[in-house]
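What follows is chain A paired twice: with chain B in the first complex and chain C in the second.
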Partner chain A sequence: MYSVVTEGLTKKFNSFTAVNHLSLEIGEGEVFGLLGPNGAGKTTTLRMLACLIAPTEGSAAVAGYDIQSDPLKVRQSVGILTENPSLYERLTALENMDFFAQAYGLLDPQERSRRIRALLEFFNLWDRRNDKVATFSKGMKQKLAIVRATVHKPPILFLDEPTAGLDPESAKEIRDLMAALSQQEKSTILLCTHHLEDAEKLCRRVMIMNRGTCIIVGSPDELREKISGQPVIQIGLKQVNAKVLAAVKANPQAKEVTVNPQEVALMVTVDDARSATPELVEEVVQAKGQVLSVNVLRPSLEEAYLKLIKEENKQ
Partner chain B sequence: MNRRNVWLVFKKDWLEIKRNPQVLLPIVIVPIIFAVVLPAIVVLISSTPAAAGSSQNSVEGFLPLIANLPQDIQAMLAQMEPNQVMVYIMAVYFFAPFFLIIPIMASSVMGSDSFAGEKERKTIEALLATPLTDGELLLGKSLVSFIPAMAVTFVSFFVYGAIIDVATYSMFNGMLLIPNAVWLILIFGVTPALALCSIGLTVIISARVKGFKEAQQISVVLLLPILGLLFAQVSGLLILGPVVLAALIGLLVLVDIAIFYLGMKVFQREEILSRQS
Partner chain C sequence: MGSGRRILSDFKVFSRGYLRNKFGLFFGLIFPVILILIFGAIFSGNSSSTIDIYTQNQDTGPFESPQLDIASQFLQALNSSSTIRVITVETSNFTNYLAEHSSSDGIIIPANFSANYLAASPINITVYGNPTSSTNGIIVGTVSAVSNLFNLQRFNGEAVIGFTQSTIGFENPQYVDLLIPGLIGFSILVSPMFSLVNISSEYKKNKLFKQLSLTPITKMEWLASKILWYIVLTLASFLLMVAVGVVVFGAHVNLTLGLLPFLIIGPTLFASLGMLVGTVTKNPETAGVIGNIVTFPMMFLAGTFFPISIMPDYLQNIAHVLPLFYIVEGLNNVMVYGNITGALIDIAIVSVITVIIFAAAVKLFKWRED
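Then we have the complex of A and B:
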């Protein structure tokens, strides 16, 4: 069963289309990444799925409930980290969490305080529980907002840039938390992020969107291959000379050859790394090149992403 | 609608308001002025000697008002010394409309903070994401404006009445000026209806404006009819008697129903964030 299904989901603000006929399916327990440049419509999509704004067109079901006819059930099943921490600054951390936990239906006071305590301790915020949120740092607010999103153990989590503003250690804590929630609790997570590394590590599938439409969906591996296609073979040499360079360029498998700025490696773009690598190394050796290392470089998701967006914006 | 959830919203908002001096100060200071400074004026008049003749002059300003009072009260006033008349008119009639300002001011200040303020501080998004229903949010937030507004209105009325009665006890030979029927209807009938009107209007305005300051400023328009009432009474055009007040309550109830109907239409979560500019 799918946790989130959308069909032709569209949101217009007056005449401006922020999200344009978006269709996607997210399986139970899946971590799904939503990527795209600023203003792509990620937050707007999340807001529609959390029943915070009404779609102009199209439909969606979250946890099996239709967002238009059953919004209450949807909101009960969802925990959301919004773009702003959206916390009451005049209330203490504990007062904030107590309010939201009750609003989400955690009625048993003992269970509620146990749950809140566990989460606050996880994020090292327990000692600050009686301080007003106004006195918290940006990252502390972000963590508290994540506590709020998860306090009622929702089966579905919508996280809008959860690691924004966090130090590397805290960012890792949150990644670990997301991984644990997905694997152990079978929570479904829809993650909007600009940290492509996060997406690469966590997400089973990602969608890249631009100007409200989906450009591509797939696993990070698939996307990398689809978008940037050709691998690059990096041949590290003691020294690059003209003879070696000419020999490599002469090989029909080498599509493009460049010398790296330090002049100690050749970067050779090929179609198929498996067949090209042994051949190229042999050519280099025959030309008396002294090989230090050979690497097949595949572009990261980030490079694939950047390339895709650049192409998109040209159109 | 779940009563526990309404209470939850109420408690949360009250906690916020309690810690916000910007909201707390006006709803404490204005009633204090009305409950203490207005009676102080009366005390001052009642303690100045009757022979001075100045009271006679001031009474002239109220002649149109007096001329339109019910017969029995006019007859009673005819028996009184000029400064007794002055004190009676001021304490019982002239100051009455001021007490309509308190519920309007208090409920619009708290309502603006609770509705527009929550939008301005960007806390509304997480609140709207909870399973609390629109009705629970609207009611909880309306109550957090209504209950404290009524509390300050009632308390300032009691303080005002107590000071007036103590100060004028010997002057009127033991007759208590307040409470009378007019004041009781005014405080316990008109002010709640008026506060609801102001809250409903604040809800509608809050949906349109960016911040609570603007919401509050626009709510000031509600004070205009009150000033109108004040002048209408001084000029003798309209005297706040039981019948007029009953009519006023009736009118306000109709306005309340209309405004809350509109407010409910405006306060729909799917619209609140879409319209946010």
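Then we have the complex of A and C:
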């Protein structure tokens, strides 16, 4: 069963189409990334799925409930991190979390406080629990908002840029939490992000959207390969000489060979790194090249993403 | 039920935030008390204005010539004293009439007044009033002075006209007695209006409403918890003001259950009105301005600081379209005059207005915009 299914989901603001016939399927327990430049329509998609705004066209089901006819059921099944943390500034972190947990129907006080404590401790906020939220930094508020979104253990999570504005350590904490939620609680997570690293590390599949439409969807590996093709083998040498270079160029698997500017490494583009690497290394060694290191480089998701968006915007 | 529980948890979170905000607490509880102290001190002296007194003239003549209509002459003489002003009334039950008009002072000129005067038979005028009130003393003094004058003129000192005093169960109100219901009305108006206008537009701006809309809490539940809070706040403020009024100024108040409808419906009305203003306005700044436009006239013209009877007619007419006027008048009727009929009319008017405003607030109040 799918946790989220959309079909031709469309949102128009007046005549402007923010989301344009978007169709996607997210499996149960899957972490799905939604990428795309500013204004691509990520937040708008999320808001429609969370029943905060009604779609202009198309349909969607979340946790099996139609977003148009069953908004209450949808809302009970999801935890949402919105763009703004929106907390009661005058109340303490604990009071805020306690209130929202109750509002979400976590009635047993012991279970509630256990859950809140575990989450606050996870984010190292337990010591600050009695401080007013007004005194919290942006990142701390963001963490509280994530605690709020997850406190009632919703089976589905919609997270809009959870790591925006966070330091690398905090961003890692949030990634770890998402990983833990997906593995231990089998939560389905729909993640909007600009941090391609997050997407690469966490998401089983990602979708890149631009101007309201889906450009491409697939696993991070698939996207990388689809977009920027072949792997590159980097062979680090004590020194590059003509004999070594000629030997490598002679190998039929080497599609393209370049020497790095410091003249200490060869960059060899191949089709299949697994079969090419041992052959190439052997030839270098026979040509009396002194090998220091061998790496197989793949383009990062970021490179792939940038290339893709650039091509898209040229059209 | 789940709904009650959600109202309760929202009530808790809201009251906590409210109590933590010194400003709200000051306006809700302390400020009205300060006003009582200030106004009470300024006006605790007796006023020197003329006292209106309802009078029933039962005289049966003879009326052949104005000279023979002694009762009218007597009333004219009372009027020219400039301490009291006679208002003649026709009624079968004079004491009921007084209660309905929230007055404890009255005079009855008996039948055969002129005939007995001319025949030098004893006459007995009845003066109603509360002996402990200052106005009663003035009235009694004036009536006895005019009676003496008439006795002297006609019969060279032989007392024909005498009068008996008759006590009515409540005192003619002192200024502070009227000030307490007035300022309770003030606080019923001001604390929900100022804070809810602000809160509802603030929550809208920082998206807290949207956040709440993601939880199972409904708009109605949220509104109910606010109303509940302002009722609690009003009751607390009521007790505080009555205590200060009684202890500091020796105010006289009737503490009866008849007050409760006003103390419950009043905050409901203005909490809804505050929500309505906060909801229909685009941002906190306009909300503040509109809130003030709605609040300020009521604050001063609804009989809060002064009884509206001292205001010119056109202002009194304005007062009659202000919902707060009926709350203040109703509180006065219950607390000061014991005028239950009047209070029932007031509560009926206030209830109708409240239902309308509440329905409008619920209808127009949106958790979020698209």
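Definition applied: the second predicted complex is superposed on the first by the 248 of 315 C-alpha atoms of A that agree within 3 Å, B and C clash if a C-alpha of one lies under 4 Å from a C-alpha of the other, contacts with A are read in each partner's own complex, and residues count from 1 in each chain.
Throughout what follows, a residue touches a chain if its C-beta (ideal position, glycine included) is under 8 Å from a C-beta of that chain, and two chains touch if they have at least 3 such contacts.
Keep in mind it's a predicted model, so treat the numbers as computed, not measured.
Asker: After the match on chain A, would you call chain B and chain C a fit or a clash?
Answerer: Because the two structures are overlaid on the shared chain, the partners are seen to clash.
Asker: Looking at A:Arg75 after the superposition, I want to know if it touches chain B, chain C, both of them or none. Which is it: first, second, both, neither?
Answerer: The answer is both, since A:Arg75 touches chain B and chain C.
Asker: Which of the two partners, first being chain B and second being chain C, lies in contact with A:Leu52: first, second, both, or neither?
Answerer: Touch status of A:Leu52: both partners.
Asker: Counting only touches as set out at the top, which of chain B and chain C does A:Asn84 meet: first, second, both, neither?
Answerer: Both partners, chain B and chain C.
Asker: When the two structures are laid over each other on chain A, which of chain B and chain C touches more residues of chain A?
Answerer: In the superposed model, B touches more residues of chain A.
Asker: In the overlaid three-chain picture, which partner chain does A:Gln102 touch, first (chain B) or second (chain C), both, or neither?
Answerer: both
Asker: Would you find which stretch of chain C runs into chain B in the superposed arrangement, from 59-67, 113-121 or 167-175?
Answerer: After superposing on chain A, the stretch of chain C hitting chain B is 167-175.
Asker: So chain A touches chain B in one structure and chain C in the other; where do those two contact lists coincide?
Answerer: In chain A, positions 13, 50, 52-54, 72, 75-76, 80, 82, 84, 86-88, 90-91, 95, 99-100, 102-105, 107 sit in both the chain B and chain C interfaces.
Asker: What residues on chain B touch chain A, complex-wise?
Answerer: Residues in contact with chain A: 4-5, 8, 11-12, 15-16, 19-20, 121-133, 269-271, 273-274.
Asker: Which bits of chain A are touching chain B when the two form their complex?
Answerer: 13, 47, 50-54, 72, 75-76, 78, 80, 82-84, 86-91, 95, 99-100, 102-105, 107, 145, 148
Asker: Spell out the residues on chain A that touch chain C in their complex, using ranges where they run on.
Answerer: 13, 50, 52-54, 72, 75-76, 80, 82, 84, 86-88, 90-91, 95, 99-100, 102-105, 107
Asker: Can you tell me which positions in chain C touch chain A when the two form their complex?
Answerer: On the chain C side, the touching residues are 2, 5-6, 9-10, 12-13, 16-17, 20-21, 206-208, 210-217, 368, 370.
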